[in-house]
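The letters A, B and C name the chains in turn, as written, and every chain counts its residues from 1.
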Amino acid sequence: MSAAEERLAGLGLSVPEVPTPVAVYVPAVVSDDLVFTSGQLPMKNGELMLTGKVGGEVGLEEAAACAEQCALNAIAAVKSRVGDLDRVVQVVKVVVFVASTPDFTGQPQVANGASELLGKVFGDAGVHARSAVGVPVLPLDSPVEVEVVVRVAPGSAE
Amino acid sequence: MSAAEERLAGLGLSVPEVPTPVAVYVPAVVSDDLVFTSGQLPMKNGELMLTGKVGGEVGLEEAAACAEQCALNAIAAVKSRVGDLDRVVQVVKVVVFVASTPDFTGQPQVANGASELLGKVFGDAGVHARSAVGVPVLPLDSPVEVEVVVRVAPGSAE
Amino acid sequence: MSAAEERLAGLGLSVPEVPTPVAVYVPAVVSDDLVFTSGQLPMKNGELMLTGKVGGEVGLEEAAACAEQCALNAIAAVKSRVGDLDRVVQVVKVVVFVASTPDFTGQPQVANGASELLGKVFGDAGVHARSAVGVPVLPLDSPVEVEVVVRVAPGSAE
(Lines give C-alpha, C1' and ligand atoms only; values in the text may rest on other atoms or scores of the structure.)
Protein backbone atom coordinates (compact mmCIF):
# COMPACT_ATOMS: atom_id res chain seq x y z
CA MET A 1 0.00 0.00 0.00
CA SER A 2 1.33 3.44 -0.85
CA ALA A 3 2.16 5.84 1.98
CA ALA A 4 -0.60 8.10 0.67
CA GLU A 5 -3.13 5.30 1.00
CA GLU A 6 -1.85 4.45 4.47
CA ARG A 7 -2.50 8.05 5.47
CA LEU A 8 -5.98 7.79 3.97
CA ALA A 9 -6.57 4.61 5.96
CA GLY A 10 -5.49 6.49 9.07
CA LEU A 11 -8.29 8.96 8.34
CA GLY A 12 -10.76 6.11 8.02
CA LEU A 13 -10.90 6.57 4.26
CA SER A 14 -10.00 4.47 1.26
CA VAL A 15 -9.61 5.15 -2.43
CA PRO A 16 -13.01 4.57 -4.01
CA GLU A 17 -13.69 2.74 -7.20
CA VAL A 18 -13.58 4.98 -10.24
CA PRO A 19 -16.93 4.93 -12.03
CA THR A 20 -16.86 3.33 -15.44
CA PRO A 21 -16.05 6.23 -17.71
CA VAL A 22 -18.57 7.33 -20.26
CA ALA A 23 -17.36 7.14 -23.82
CA VAL A 24 -16.65 10.76 -24.56
CA TYR A 25 -14.45 11.71 -21.68
CA VAL A 26 -12.48 10.02 -18.93
CA PRO A 27 -11.84 10.63 -15.23
CA ALA A 28 -8.24 11.73 -15.78
CA VAL A 29 -5.71 12.29 -18.55
CA VAL A 30 -1.94 12.11 -18.30
CA SER A 31 0.05 14.67 -20.30
CA ASP A 32 3.79 14.37 -19.85
CA ASP A 33 4.22 14.53 -16.06
CA LEU A 34 0.89 16.22 -15.34
CA VAL A 35 -2.38 14.46 -14.57
CA PHE A 36 -5.54 16.47 -15.20
CA THR A 37 -8.70 15.13 -13.57
CA SER A 38 -12.19 15.73 -14.78
CA GLY A 39 -14.44 17.76 -12.50
CA GLN A 40 -15.36 15.44 -9.64
CA LEU A 41 -18.72 15.39 -7.92
CA PRO A 42 -19.25 14.20 -4.31
CA MET A 43 -20.32 10.71 -5.39
CA LYS A 44 -20.15 8.16 -2.57
CA ASN A 45 -21.14 4.55 -3.09
CA GLY A 46 -22.58 5.50 -6.44
CA GLU A 47 -24.77 8.36 -5.23
CA LEU A 48 -24.39 12.09 -4.69
CA MET A 49 -23.93 12.77 -0.97
CA LEU A 50 -26.21 15.80 -1.20
CA THR A 51 -27.94 18.04 -3.71
CA GLY A 52 -28.75 21.72 -3.58
CA LYS A 53 -27.16 25.10 -3.07
CA VAL A 54 -24.71 26.05 -0.37
CA GLY A 55 -26.12 28.90 1.65
CA GLY A 56 -29.56 27.42 1.05
CA GLU A 57 -30.48 23.81 1.78
CA VAL A 58 -26.81 22.77 2.11
CA GLY A 59 -24.84 24.02 5.11
CA LEU A 60 -21.20 25.01 5.21
CA GLU A 61 -19.96 21.93 7.02
CA GLU A 62 -21.96 19.62 4.78
CA ALA A 63 -20.50 21.37 1.75
CA ALA A 64 -16.95 21.04 3.08
CA ALA A 65 -17.58 17.31 3.55
CA CYS A 66 -18.75 17.17 -0.07
CA ALA A 67 -15.58 18.94 -1.19
CA GLU A 68 -13.54 16.37 0.72
CA GLN A 69 -15.37 13.57 -1.06
CA CYS A 70 -14.75 15.28 -4.43
CA ALA A 71 -11.04 15.40 -3.59
CA LEU A 72 -11.11 11.72 -2.62
CA ASN A 73 -12.68 10.92 -5.97
CA ALA A 74 -10.02 13.02 -7.70
CA ILE A 75 -7.37 11.00 -5.88
CA ALA A 76 -9.05 7.85 -7.18
CA ALA A 77 -9.06 9.26 -10.70
CA VAL A 78 -5.33 9.99 -10.45
CA LYS A 79 -4.64 6.51 -9.07
CA SER A 80 -6.54 4.97 -11.97
CA ARG A 81 -3.92 6.44 -14.30
CA VAL A 82 -0.66 6.29 -12.36
CA GLY A 83 -1.19 3.22 -10.19
CA ASP A 84 0.91 4.18 -7.22
CA LEU A 85 -0.16 7.41 -5.48
CA ASP A 86 3.33 7.85 -4.04
CA ARG A 87 4.36 8.87 -7.55
CA VAL A 88 2.53 12.15 -6.99
CA VAL A 89 5.26 14.68 -6.33
CA GLN A 90 3.06 17.79 -6.29
CA VAL A 91 -0.59 18.70 -6.22
CA VAL A 92 -0.35 21.63 -8.60
CA LYS A 93 -3.78 23.21 -8.90
CA VAL A 94 -7.24 22.73 -7.48
CA VAL A 95 -10.39 24.48 -8.68
CA VAL A 96 -13.47 24.28 -6.47
CA PHE A 97 -16.84 25.23 -7.92
CA VAL A 98 -19.45 25.79 -5.21
CA ALA A 99 -23.15 25.91 -6.14
CA SER A 100 -24.04 28.96 -4.11
CA THR A 101 -26.98 31.12 -3.22
CA PRO A 102 -26.24 34.69 -4.37
CA ASP A 103 -25.42 35.83 -0.84
CA PHE A 104 -23.13 32.95 0.15
CA THR A 105 -19.51 34.12 0.13
CA GLY A 106 -17.79 31.31 2.06
CA GLN A 107 -16.49 29.38 -0.95
CA PRO A 108 -12.97 29.22 0.53
CA GLN A 109 -14.27 27.50 3.67
CA VAL A 110 -16.04 24.93 1.50
CA ALA A 111 -12.91 24.44 -0.59
CA ASN A 112 -10.88 23.79 2.55
CA GLY A 113 -12.59 20.41 2.75
CA ALA A 114 -10.74 19.43 -0.42
CA SER A 115 -7.50 21.22 0.34
CA GLU A 116 -7.14 19.78 3.83
CA LEU A 117 -7.62 16.22 2.63
CA LEU A 118 -4.97 16.70 -0.04
CA GLY A 119 -2.61 18.06 2.61
CA LYS A 120 -3.24 15.12 4.92
CA VAL A 121 -2.77 12.56 2.17
CA PHE A 122 0.20 14.02 0.30
CA GLY A 123 1.95 16.06 3.00
CA ASP A 124 4.23 18.77 1.64
CA ALA A 125 3.46 17.55 -1.89
CA GLY A 126 -0.20 18.31 -1.22
CA VAL A 127 0.20 22.08 -0.93
CA HIS A 128 -1.35 23.58 -4.05
CA ALA A 129 -2.57 26.68 -5.85
CA ARG A 130 -6.35 27.00 -5.65
CA SER A 131 -9.32 28.87 -7.00
CA ALA A 132 -12.73 28.79 -5.32
CA VAL A 133 -15.71 30.31 -7.08
CA GLY A 134 -19.46 30.37 -6.73
CA VAL A 135 -21.68 29.02 -9.48
CA PRO A 136 -25.48 28.93 -9.65
CA VAL A 137 -25.88 25.23 -10.38
CA LEU A 138 -23.79 22.13 -11.06
CA PRO A 139 -24.44 18.80 -12.80
CA LEU A 140 -27.08 16.66 -11.07
CA ASP A 141 -27.68 19.61 -8.70
CA SER A 142 -24.44 18.76 -6.90
CA PRO A 143 -23.39 21.35 -4.31
CA VAL A 144 -19.68 21.10 -5.18
CA GLU A 145 -17.41 20.12 -8.08
CA VAL A 146 -13.62 19.87 -7.81
CA GLU A 147 -10.96 19.49 -10.49
CA VAL A 148 -7.32 18.76 -9.75
CA VAL A 149 -3.98 18.88 -11.57
CA VAL A 150 -1.09 16.89 -10.07
CA ARG A 151 2.48 16.32 -11.16
CA VAL A 152 3.95 12.84 -11.03
CA ALA A 153 7.57 11.77 -11.02
CA PRO A 154 9.01 11.67 -14.56
CA GLY A 155 8.54 8.38 -16.28
CA SER A 156 6.03 7.17 -13.72
CA ALA A 157 2.83 7.78 -15.65
CA GLU A 158 1.50 5.08 -17.93
CA MET B 1 -5.55 17.92 -45.81
CA SER B 2 -4.98 16.46 -42.36
CA ALA B 3 -6.81 13.31 -41.35
CA ALA B 4 -8.56 15.35 -38.67
CA GLU B 5 -9.88 17.75 -41.28
CA GLU B 6 -10.95 14.87 -43.50
CA ARG B 7 -13.01 13.54 -40.61
CA LEU B 8 -14.49 16.99 -40.13
CA ALA B 9 -15.37 17.12 -43.82
CA GLY B 10 -17.05 13.74 -43.42
CA LEU B 11 -19.26 15.37 -40.77
CA GLY B 12 -20.10 18.18 -43.15
CA LEU B 13 -17.92 20.58 -41.19
CA SER B 14 -14.81 22.58 -41.91
CA VAL B 15 -12.36 24.50 -39.81
CA PRO B 16 -13.68 28.06 -39.56
CA GLU B 17 -11.63 31.20 -39.93
CA VAL B 18 -10.20 32.39 -36.63
CA PRO B 19 -11.47 35.88 -35.83
CA THR B 20 -8.82 38.57 -35.89
CA PRO B 21 -7.54 38.57 -32.35
CA VAL B 22 -8.00 41.64 -30.23
CA ALA B 23 -4.80 43.17 -28.99
CA VAL B 24 -4.79 42.03 -25.39
CA TYR B 25 -5.29 38.32 -25.79
CA VAL B 26 -5.17 35.70 -28.50
CA PRO B 27 -7.24 32.65 -29.49
CA ALA B 28 -4.56 30.17 -28.37
CA VAL B 29 -1.11 30.07 -26.82
CA VAL B 30 1.52 27.37 -27.21
CA SER B 31 3.56 26.49 -24.13
CA ASP B 32 6.08 23.71 -24.71
CA ASP B 33 3.93 20.91 -26.12
CA LEU B 34 0.62 22.18 -24.76
CA VAL B 35 -1.78 24.49 -26.58
CA PHE B 36 -4.20 26.44 -24.38
CA THR B 37 -7.18 27.98 -26.16
CA SER B 38 -9.10 30.99 -25.01
CA GLY B 39 -12.70 30.41 -24.02
CA GLN B 40 -14.61 29.89 -27.26
CA LEU B 41 -18.12 31.10 -27.91
CA PRO B 42 -20.50 29.51 -30.46
CA MET B 43 -19.67 32.04 -33.16
CA LYS B 44 -20.69 30.89 -36.64
CA ASN B 45 -20.14 33.07 -39.70
CA GLY B 46 -19.29 35.94 -37.39
CA GLU B 47 -22.38 35.74 -35.22
CA LEU B 48 -23.42 33.96 -32.05
CA MET B 49 -25.63 30.99 -32.95
CA LEU B 50 -27.93 31.76 -30.01
CA THR B 51 -28.17 33.87 -26.90
CA GLY B 52 -29.79 33.18 -23.56
CA LYS B 53 -29.85 30.69 -20.74
CA VAL B 54 -30.04 26.94 -21.05
CA GLY B 55 -33.10 25.69 -19.22
CA GLY B 56 -34.81 28.91 -20.23
CA GLU B 57 -35.01 30.21 -23.80
CA VAL B 58 -32.29 27.80 -24.99
CA GLY B 59 -33.11 24.10 -25.14
CA LEU B 60 -30.79 21.20 -24.40
CA GLU B 61 -30.24 20.15 -28.00
CA GLU B 62 -29.66 23.72 -29.11
CA ALA B 63 -27.14 24.14 -26.33
CA ALA B 64 -25.32 20.93 -27.27
CA ALA B 65 -25.09 22.24 -30.85
CA CYS B 66 -23.59 25.45 -29.47
CA ALA B 67 -21.05 23.43 -27.49
CA GLU B 68 -20.13 21.59 -30.69
CA GLN B 69 -19.58 24.91 -32.45
CA CYS B 70 -17.44 26.12 -29.55
CA ALA B 71 -15.32 22.99 -29.91
CA LEU B 72 -15.03 23.57 -33.65
CA ASN B 73 -13.82 27.10 -32.97
CA ALA B 74 -11.34 25.72 -30.44
CA ILE B 75 -10.04 23.34 -33.11
CA ALA B 76 -9.62 26.35 -35.40
CA ALA B 77 -7.75 28.21 -32.68
CA VAL B 78 -5.39 25.25 -32.24
CA LYS B 79 -4.87 24.96 -35.98
CA SER B 80 -3.99 28.65 -36.15
CA ARG B 81 -0.99 27.90 -33.93
CA VAL B 82 0.15 24.44 -34.99
CA GLY B 83 -0.82 24.38 -38.65
CA ASP B 84 -1.44 20.66 -39.07
CA LEU B 85 -4.14 19.25 -36.80
CA ASP B 86 -2.64 15.78 -37.07
CA ARG B 87 0.08 17.04 -34.76
CA VAL B 88 -2.47 16.89 -31.93
CA VAL B 89 -1.55 13.77 -29.96
CA GLN B 90 -3.99 14.28 -27.08
CA VAL B 91 -6.91 16.47 -26.16
CA VAL B 92 -5.98 16.92 -22.51
CA LYS B 93 -8.68 18.98 -20.86
CA VAL B 94 -11.98 20.58 -21.76
CA VAL B 95 -13.95 22.99 -19.56
CA VAL B 96 -17.53 23.73 -20.55
CA PHE B 97 -19.30 26.69 -18.98
CA VAL B 98 -23.07 26.54 -19.49
CA ALA B 99 -25.19 29.67 -18.89
CA SER B 100 -27.93 27.98 -16.89
CA THR B 101 -31.17 28.75 -15.19
CA PRO B 102 -30.85 27.85 -11.50
CA ASP B 103 -32.80 24.64 -11.92
CA PHE B 104 -31.02 23.32 -15.03
CA THR B 105 -28.70 20.47 -14.06
CA GLY B 106 -27.95 18.92 -17.47
CA GLN B 107 -24.58 20.60 -18.04
CA PRO B 108 -22.94 17.23 -18.91
CA GLN B 109 -25.43 16.64 -21.73
CA VAL B 110 -24.66 20.09 -23.12
CA ALA B 111 -20.94 19.46 -22.81
CA ASN B 112 -21.29 16.22 -24.76
CA GLY B 113 -21.78 18.33 -27.87
CA ALA B 114 -18.17 19.44 -27.53
CA SER B 115 -16.77 16.13 -26.31
CA GLU B 116 -18.36 14.07 -29.06
CA LEU B 117 -17.02 16.32 -31.81
CA LEU B 118 -13.51 16.08 -30.36
CA GLY B 119 -13.84 12.30 -30.28
CA LYS B 120 -15.01 12.15 -33.90
CA VAL B 121 -12.24 14.43 -35.12
CA PHE B 122 -9.29 13.15 -33.13
CA GLY B 123 -10.27 9.54 -32.43
CA ASP B 124 -8.45 8.00 -29.46
CA ALA B 125 -6.45 11.22 -29.11
CA GLY B 126 -9.72 13.07 -28.58
CA VAL B 127 -10.61 11.40 -25.27
CA HIS B 128 -10.12 14.04 -22.57
CA ALA B 129 -10.68 15.07 -18.97
CA ARG B 130 -13.60 17.44 -18.63
CA SER B 131 -15.39 19.76 -16.27
CA ALA B 132 -18.91 21.04 -16.94
CA VAL B 133 -20.34 23.75 -14.73
CA GLY B 134 -23.31 26.09 -14.70
CA VAL B 135 -22.81 29.84 -14.73
CA PRO B 136 -25.42 32.61 -14.61
CA VAL B 137 -24.29 34.52 -17.69
CA LEU B 138 -21.54 34.51 -20.32
CA PRO B 139 -20.04 37.15 -22.61
CA LEU B 140 -22.51 38.54 -25.17
CA ASP B 141 -25.22 36.45 -23.44
CA SER B 142 -23.78 33.31 -25.03
CA PRO B 143 -25.35 30.07 -23.78
CA VAL B 144 -22.03 28.16 -23.77
CA GLU B 145 -18.29 28.81 -23.56
CA VAL B 146 -15.65 26.10 -24.01
CA GLU B 147 -11.91 26.14 -23.37
CA VAL B 148 -9.55 23.37 -24.45
CA VAL B 149 -6.01 22.24 -23.72
CA VAL B 150 -4.36 19.89 -26.23
CA ARG B 151 -0.90 18.32 -26.41
CA VAL B 152 0.98 18.32 -29.69
CA ALA B 153 3.88 16.19 -30.79
CA PRO B 154 7.19 17.54 -29.49
CA GLY B 155 8.78 20.07 -31.78
CA SER B 156 5.67 20.43 -33.86
CA ALA B 157 4.38 23.73 -32.47
CA GLU B 158 5.28 26.97 -34.22
CA MET C 1 14.92 45.97 -10.55
CA SER C 2 13.53 43.78 -13.32
CA ALA C 3 12.39 45.39 -16.55
CA ALA C 4 8.87 44.19 -15.74
CA GLU C 5 8.95 46.05 -12.44
CA GLU C 6 10.36 49.14 -14.11
CA ARG C 7 7.37 49.10 -16.45
CA LEU C 8 5.08 48.72 -13.44
CA ALA C 9 6.78 51.68 -11.80
CA GLY C 10 6.17 53.65 -15.00
CA LEU C 11 2.47 52.92 -14.51
CA GLY C 12 2.65 54.18 -10.94
CA LEU C 13 2.34 50.62 -9.63
CA SER C 14 4.54 48.32 -7.61
CA VAL C 15 4.46 44.64 -6.80
CA PRO C 16 2.44 44.27 -3.60
CA GLU C 17 3.32 42.11 -0.65
CA VAL C 18 1.97 38.59 -0.96
CA PRO C 19 -0.37 37.85 1.95
CA THR C 20 0.87 35.21 4.36
CA PRO C 21 -0.44 32.01 2.86
CA VAL C 22 -2.93 29.96 4.77
CA ALA C 23 -1.81 26.48 5.59
CA VAL C 24 -3.76 24.47 3.08
CA TYR C 25 -2.93 26.25 -0.13
CA VAL C 26 -0.42 28.76 -1.42
CA PRO C 27 -0.51 31.80 -3.73
CA ALA C 28 1.36 30.01 -6.53
CA VAL C 29 2.90 26.65 -7.38
CA VAL C 30 5.75 25.95 -9.77
CA SER C 31 5.49 22.82 -11.89
CA ASP C 32 8.39 22.35 -14.27
CA ASP C 33 8.48 25.64 -16.20
CA LEU C 34 4.88 26.63 -15.48
CA VAL C 35 3.70 28.73 -12.55
CA PHE C 36 0.04 28.34 -11.58
CA THR C 37 -1.38 31.07 -9.35
CA SER C 38 -4.29 30.69 -7.01
CA GLY C 39 -7.38 32.69 -7.83
CA GLN C 40 -6.55 36.28 -6.91
CA LEU C 41 -9.00 38.75 -5.43
CA PRO C 42 -8.69 42.56 -5.78
CA MET C 43 -7.02 42.94 -2.39
CA LYS C 44 -5.23 46.28 -1.99
CA ASN C 45 -3.45 47.21 1.23
CA GLY C 46 -5.04 44.22 2.89
CA GLU C 47 -8.63 44.98 1.92
CA LEU C 48 -10.93 44.20 -0.97
CA MET C 49 -11.20 47.25 -3.23
CA LEU C 50 -14.93 46.67 -3.65
CA THR C 51 -17.64 44.14 -2.98
CA GLY C 52 -20.78 43.30 -4.92
CA LYS C 53 -21.96 42.29 -8.35
CA VAL C 54 -20.93 43.82 -11.64
CA GLY C 55 -23.99 45.12 -13.43
CA GLY C 56 -25.42 45.94 -10.00
CA GLU C 57 -23.64 47.99 -7.37
CA VAL C 58 -20.28 47.66 -9.17
CA GLY C 59 -19.79 49.49 -12.46
CA LEU C 60 -17.84 48.31 -15.49
CA GLU C 61 -14.88 50.63 -15.00
CA GLU C 62 -14.68 49.82 -11.30
CA ALA C 63 -14.73 46.13 -12.14
CA ALA C 64 -11.97 46.52 -14.73
CA ALA C 65 -9.88 48.29 -12.09
CA CYS C 66 -10.51 45.34 -9.78
CA ALA C 67 -9.40 42.94 -12.51
CA GLU C 68 -6.21 44.97 -12.91
CA GLN C 69 -5.55 44.69 -9.18
CA CYS C 70 -6.17 40.93 -9.32
CA ALA C 71 -3.58 40.70 -12.10
CA LEU C 72 -1.14 42.76 -10.06
CA ASN C 73 -1.62 40.36 -7.16
CA ALA C 74 -1.08 37.44 -9.52
CA ILE C 75 2.18 39.04 -10.64
CA ALA C 76 3.17 39.29 -6.99
CA ALA C 77 2.30 35.64 -6.46
CA VAL C 78 4.50 34.67 -9.42
CA LYS C 79 7.34 36.84 -8.16
CA SER C 80 7.12 35.18 -4.76
CA ARG C 81 8.07 31.90 -6.43
CA VAL C 82 10.48 32.89 -9.21
CA GLY C 83 12.13 35.98 -7.74
CA ASP C 84 12.91 37.84 -10.94
CA LEU C 85 9.86 38.68 -13.06
CA ASP C 86 12.03 38.92 -16.17
CA ARG C 87 12.21 35.14 -16.06
CA VAL C 88 8.59 35.10 -17.27
CA VAL C 89 8.80 34.19 -20.95
CA GLN C 90 5.08 33.82 -21.59
CA VAL C 91 1.81 34.54 -19.87
CA VAL C 92 0.04 31.38 -20.98
CA LYS C 93 -3.52 31.51 -19.68
CA VAL C 94 -5.75 33.85 -17.75
CA VAL C 95 -9.20 33.01 -16.37
CA VAL C 96 -11.36 35.89 -15.18
CA PHE C 97 -14.42 35.14 -13.06
CA VAL C 98 -16.78 38.12 -12.88
CA ALA C 99 -19.51 38.20 -10.19
CA SER C 100 -22.33 39.31 -12.46
CA THR C 101 -25.96 40.20 -12.35
CA PRO C 102 -27.86 37.85 -14.67
CA ASP C 103 -28.17 40.51 -17.40
CA PHE C 104 -24.54 41.71 -17.38
CA THR C 105 -22.72 40.38 -20.44
CA GLY C 106 -19.62 42.58 -20.49
CA GLN C 107 -17.25 40.10 -18.83
CA PRO C 108 -14.63 40.61 -21.59
CA GLN C 109 -14.48 44.34 -20.91
CA VAL C 110 -13.93 43.63 -17.22
CA ALA C 111 -11.27 41.07 -18.05
CA ASN C 112 -9.44 43.61 -20.19
CA GLY C 113 -8.37 45.29 -16.97
CA ALA C 114 -6.26 42.23 -16.22
CA SER C 115 -5.16 41.54 -19.78
CA GLU C 116 -4.01 45.07 -20.49
CA LEU C 117 -1.88 45.23 -17.36
CA LEU C 118 -0.20 41.95 -18.28
CA GLY C 119 0.50 43.32 -21.76
CA LYS C 120 1.99 46.54 -20.39
CA VAL C 121 4.18 44.70 -17.89
CA PHE C 122 5.38 41.77 -19.98
CA GLY C 123 5.18 43.14 -23.53
CA ASP C 124 4.99 40.44 -26.19
CA ALA C 125 5.38 37.81 -23.47
CA GLY C 126 2.20 39.13 -21.90
CA VAL C 127 -0.13 38.11 -24.73
CA HIS C 128 -2.19 35.18 -23.44
CA ALA C 129 -5.14 32.88 -23.97
CA ARG C 130 -8.09 33.94 -21.84
CA SER C 131 -11.50 32.88 -20.61
CA ALA C 132 -13.95 35.33 -19.07
CA VAL C 133 -17.11 34.03 -17.44
CA GLY C 134 -19.87 35.30 -15.22
CA VAL C 135 -20.49 33.78 -11.80
CA PRO C 136 -23.16 34.64 -9.24
CA VAL C 137 -20.88 35.26 -6.28
CA LEU C 138 -17.21 35.07 -5.30
CA PRO C 139 -15.35 34.70 -2.01
CA LEU C 140 -15.86 37.63 0.38
CA ASP C 141 -18.38 39.03 -2.13
CA SER C 142 -15.50 40.08 -4.39
CA PRO C 143 -16.61 41.36 -7.82
CA VAL C 144 -13.72 39.68 -9.67
CA GLU C 145 -11.31 36.75 -9.29
CA VAL C 146 -8.41 36.09 -11.67
CA GLU C 147 -6.12 33.08 -12.01
CA VAL C 148 -3.00 33.04 -14.18
CA VAL C 149 -0.60 30.48 -15.63
CA VAL C 150 2.81 31.73 -16.79
CA ARG C 151 5.83 29.97 -18.26
CA VAL C 152 9.28 30.82 -16.98
CA ALA C 153 12.66 30.23 -18.59
CA PRO C 154 13.86 26.66 -18.01
CA GLY C 155 15.84 26.25 -14.83
CA SER C 156 14.79 29.64 -13.52
CA ALA C 157 12.13 28.54 -11.07
CA GLU C 158 13.10 27.82 -7.48
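As a convention for this text, a residue touches a chain if its C-beta (ideal position, glycine included) is under 8 Å from a C-beta of that chain, and two chains touch if they have at least 3 such contacts.
Everything numeric in this text was worked out from a predicted model, so none of it was measured.
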item: Superposing rotation of chain A relative to chain C, computed on C-alpha atoms, to nearest 5°; value: 120
item: Residue-number overlap at the chain B/chain C interface, same or different (half cut); value: different
item: Chain B and chain C, separation of their C-alpha mean positions in angstrom; value: 24
item: For chain A, residues that touch 2 or more chains besides their own; value: 135-136
item: Sites on chain B touched by chain C in the complex; value: 23-29, 31-32, 36-39, 53, 95, 97, 99, 135-141, 145, 147
item: Touch list for chain C against partner chain B, complex; value: 33-34, 90, 92-94, 100-108, 112, 115-116, 118-119, 127-136, 149, 151
